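Here subunit A shows up in two complexes: once beside subunit B, once beside subunit C.
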Partner chain A sequence: MSVQLAQRERHWVGRSAVHWRRFRLLLIGGCLVGLVVLSAIFADVISPYSPYDIDVAIKLQPPNRAHWLGTDEFGRDVLSRVIHAARISVKVAAVAVSVGLIGGGVIGIAAGYFGGPVDMVLMRFMELLFSFPAILLAIVLMAVLGTSILNAMTAIGIIFIPGFSRLARAATQDVLRQQYIEAAHTIGMSDVRILTREILPNIITPLFVEAMAAFAYAVLLESSLSFLGLGAQPPEPSWGNMLNTGRGFMDQAPWLGVVPGMAMLIGVLGFNLLGDGLRDVFDPRLREAA
Partner chain B sequence: MWRLIATRLAAFVPTVLATSLVLFVTVNVVPGSAAKAALGIDATAQAIARFEHEQGLDRPLHVQYLDWLGKAVRGDFGTSFQNHLPVGPELVSRLPVTLELAILAFLIANAIAVPLGALAAYHHQQRLDSVISVFATVLGAVPSFWLATVLILILALTVKVLPAGGYVPFAENPAKNVSLFIMPALSLGLVSSALLLRVMRAKMIEVLSSDYIHTALAKGAAPNVVIWRHALQNALITFLTVGAVEFGWLFGGVVIIEDIFLLPGVGQLVLVGIINRDYPVLLASALTVTVVVLAANMVVDLVAAVLDPRQVHARSRA
Partner chain C sequence: MADPLLQVQGVSKTFELGGALWARRWLHALDHVDLEIQRGQTLGIVGETGSGKSTVCRIVLGLVRPSAGRVIFDDQDITVLPAAQMRRVRRQMQAVFQDTSSAFNPRQTVREALLAPLEVHHVGSGEHRLDLVQEALQHVGLDVSFLDRHPHMLSGGQRQRVAIARAIILRPSLVVADEPTSALDVSVQARILNLFKEIQRELRLAYLFVSHNLGVIRYVSDVVAVMYLGRVVEAGPVERVFSAPQHPYTRALLEAIPHADPAKRQRDVPILGEIPSAYRMPSGCRFHSRCPVAMEICAREDPPLYPLGGGHHAACLWHDSRFSSGAPSWITVPHAPGVTT
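So, the complex of A and B:
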């Protein structure tokens, strides 16, 4: 009896270890992303102070009991500003990734499904966009569109379109080789029906996994643009513009440079790990290779 | 091999032309924006019309593009809206700064990624592999501009071993030049090493599990020789291709890093072009960065083909 129990126990431990190895990235990434997303959603509730309240009497205070992460050059609470900045990052990343996903998805599916000249023209243009360094393209687009959060979302979204289109095209071509597509054509299904009922549901998973990974890059790009003064404009808090302002006070108040960077690190790391974790779960070949 | 070189060169020229067209159209897509940028938003319609006529901006877009391209090929990128100086010489003087930064950062990234990636692969699924993998994952999530800020805080403001920013040409004072480039190159190189390390590790794991490595070990070859001479050589070919993409990322990243460390490179010129809404400057500097990245990709592609002749045959069969 005790031997059986020990075997069952060992089996359970072994299975847990396998599960832990398989899902650890998902779990750690999920927790970090959960922290950032919940901060963004409940920023008004969990922030100890308003992120805009100025009180020069308490400016540049180091972390203390009243202000856990200190105060900035206008006496604003850094913790409250970091929490509210999460909202900007999540909002910009969500919209930008959606723009990239929808734009790239439509282009990729059209190129993969129709093939021939449609494929050639669309994909050559995508390759062209791909040849620009991402941050440079974002900066040029922001220069033309003008500095605002909405334009940052658009610019970052445009950068994501080529990547999603390549993935959608490859996935569509994979699905097109299946017999059920041939059957759909044979029974006279329209192109629109085949695209929406047969192809889209079968390519959505890799696109979704890629979208999670793109979130991390979107957070990074938004922070870069705000750092350069091209994204969120003060007094609206963003991790990028907080860091940019903070580096002017590095010798007197180093927390102003360190704290927003830590928040960025948590956000980017979380979305990276979540993306990797999802990829591991949905693509067993990659899991085995790792 | 010559055919491959010719094919890649033949593809390079149209790609550069197409990128220049995309940049030109993007910058000039909003009518009157260049004039408003140069004269200010309060400019009168008459002043805008006069400016556009002087600059040739009232001509059809394709005529403007062909005119600009014709001059750009001869190194004439027009004059700045702000200081009315020619943009071409400005670019030429700034390019070495950016190249020095990008190359140093690339060397640092590779110096970290190659040995650590190989080491992690050799100790696959052991503790050392886990430690190196976690290090790469965390490093990959660090924004380079934050790392730059932290480095300034530690090395320039606290320990005071390096200058916080500025530029001195190498020819003028080599030691000072290198000391000024250490932190910018580290900021870019360390972050960039994360991806390269992961690629190196994955490729080395694949190579180390191949038959010829097992045969070499079975025949009594020393593990060090097998890893560093046989396995690494093969892994480096794939690594090189990813490295080219990473070089592109580095070159794009210099825009922010040059601004932080006050390095007068092309990246800083891109920002100057944006802040002043100086379109000739923006267009020329953005195109320069893009062309350097495309050229780096092409060169790496050719070097990879030289190192691995199978690629040439595969391409010629395709």
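So, the complex of A and C:
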């Protein structure tokens, strides 16, 4: 009791150096993510040119006053394209993480709650999915589903399912050991009510934190797929296909590769820092140590 | 006695411990346990950790199915009831657990926790439900200011009061209390025990009250059952069992209570060592390995519960007519066979 009270008084913002260090991670991550997400939302407003306007007269221009980040091999403005590409990345990551979170959450909760053969079958299947390297699995799924941005979202989402399901299962099993679940059974609650009212609210925090971390990975996977030509299709800009194009002009126009690379770095680093920061804030064991 | 509320008949429970298919290891948590609770009465179960007390509670509550035997509640065998009917029976049978810190969903307020049973069983609606919640809180000595608090904002004793409120809000006829005071401060324990007794008087409840604390059991129980390694070794009206225990294990437990008067303090150790593990069950009488008055035959023969009259039973071979002539002085010679108790 007194421990819990003490914890409540020690709010996580500020106080000690440890708290500040954690908060700083969260802050930096938040700023980077904010930059990417705002670019994605307001791409039409903030990009100086259309990402699709071709003008071969100004092709492969290095960064200058009119085109801050230069132009590509068709004379398209690289800054505008990289801003619009953020939209693809964020959209794909958001949908893919949601697919993974919901799919993995349902499977993990079911496996943890019902146990026995249900658990056995579901988790063996998850391990099967887990045993493939992520990018290979994505390529196979894309080959089966066909090349489109929607299928890229689905494929990346499926890759996330096993990880979320393991987390959800472990968290569910942890909650099941609590006496309020036994109390719920003695009251006569149905399984559905126990799952939605007693278990779900108590496992949502770790799943949410994991979702933030998965975001970074989703951005990276989407870029990889687009780089391989399996995600966003030209002329639609994506960091991955821009990087792929830039690869061919590395000696004449290095900004074509460097710019989308930097954008990916910002996106991935931002989501990673935000995820780590949130994990630290919400992990009760780490909070205890502080 | 007519029409008991709850009868546990020959209930056994074995848990699988794993191991290869041809060498499965089993844990015998309960072995042919018989118990009976009359309406409005308290059956106290006492025993060491690992004696099967909690397993009895979980089987009575229908949380675990027994491997064998029947649990008859209100004239129905609840071990074979389909889930939907079991849910209706649950309304009559509620529970209070030991660990108050995990007894409540940390995300719910006291109001939500107390409304849940009413919602599940479709009792009343809206205003009426809130009235019932307030009434239940009053019963346990808390006021409406607790309604919007979360469990971590309450003390252990307060949480246990809310747990009792949750258990009585559906007006059950039986409340199973598994070590409800063991995790509380001694000063709070006494108040919670009194609360249990008050509520029993007001609502005419029956209790299945489990504790390892003999004082607690003596205070709340009408009938007591002493358990050892998954068996009932002695059972009977509480005053008879406590004033003249008829099983060496009960006797040892009672002697182990520290005396305030130094002159009465027991110097010798009445029972030796720890309770044996339940998957290496001793042969014969389960208690023989620790019994101060064991005979040679105790290692071979498993004693039944001998009726001693007045509802008092004990499972010790000294009560067998073959050995009663040489029995220790505290052993009461049982009634002649055929005499019902």
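As a convention for this text, the second predicted complex is superposed on the first by the 265 of 290 C-alpha atoms of A that agree within 3 Å, B and C clash if a C-alpha of one lies under 4 Å from a C-alpha of the other, contacts with A are read in each partner's own complex, and residues count from 1 in each chain.
Assume a contact is a pair of C-beta atoms (placed from the backbone, for glycine too) under 8 Å apart; a residue touches a chain by one contact, two chains touch by 3 or more.
Keep in mind that this is a model prediction, so the values were computed, not measured.
Applying the stated clash criterion after superposition on subunit A shows that subunit B and subunit C can sit side by side.
With both structures placed on the common chain, the touch criterion links A:Arg193 to subunit C but leaves subunit B unconnected.
In the superposition on chain A, contact of A:Glu182 is made with subunit C only, not with subunit B.
Touch criterion met: A:Asn202 reaches subunit C, while subunit B stays clear of it.
Between subunit B and subunit C, B touches the greater number of residues of subunit A. By the touch criterion defined above, A:Phe132 lies against subunit B but remains apart from subunit C after alignment on the C-alpha atoms of chain A.
By the document's definition of touching, neither partner reaches A:Pro117: not subunit B, not subunit C. For the three-chain overlay built from the shared chain A, the minimum Cα spacing from subunit B to subunit C equals 10 Å. Residues 1, 4, 178-180, 182-190, 193, 197-198, 201-202 of subunit A touch subunit C in their complex.
Remark: subunit A residues 128-129, 131-136, 139-144, 216, 220, 223-224, 227-230, 243, 246-247, 250-251, 254, 257-258, 260-261, 264-265, 268-269, 272-273, 289-290 touch subunit B in the complex.
Within the complex formed with subunit A, the subunit B residues making contact are 15, 18-19, 22-23, 26-27, 29-30, 33, 137-138, 140-143, 145-146, 149-150, 152-153, 157, 202, 205-206, 248-249, 251-253, 255-256, 259-260, 270-271, 273-275, 277, 282, 286, 289-290, 293-294.
Within the complex formed with subunit A, the residues of subunit C that make contact are 61, 63, 86-88, 90-91, 93-95, 97-99, 102-107, 116-117, 120-121, 152, 155-156, 163, 166, 170, 176.
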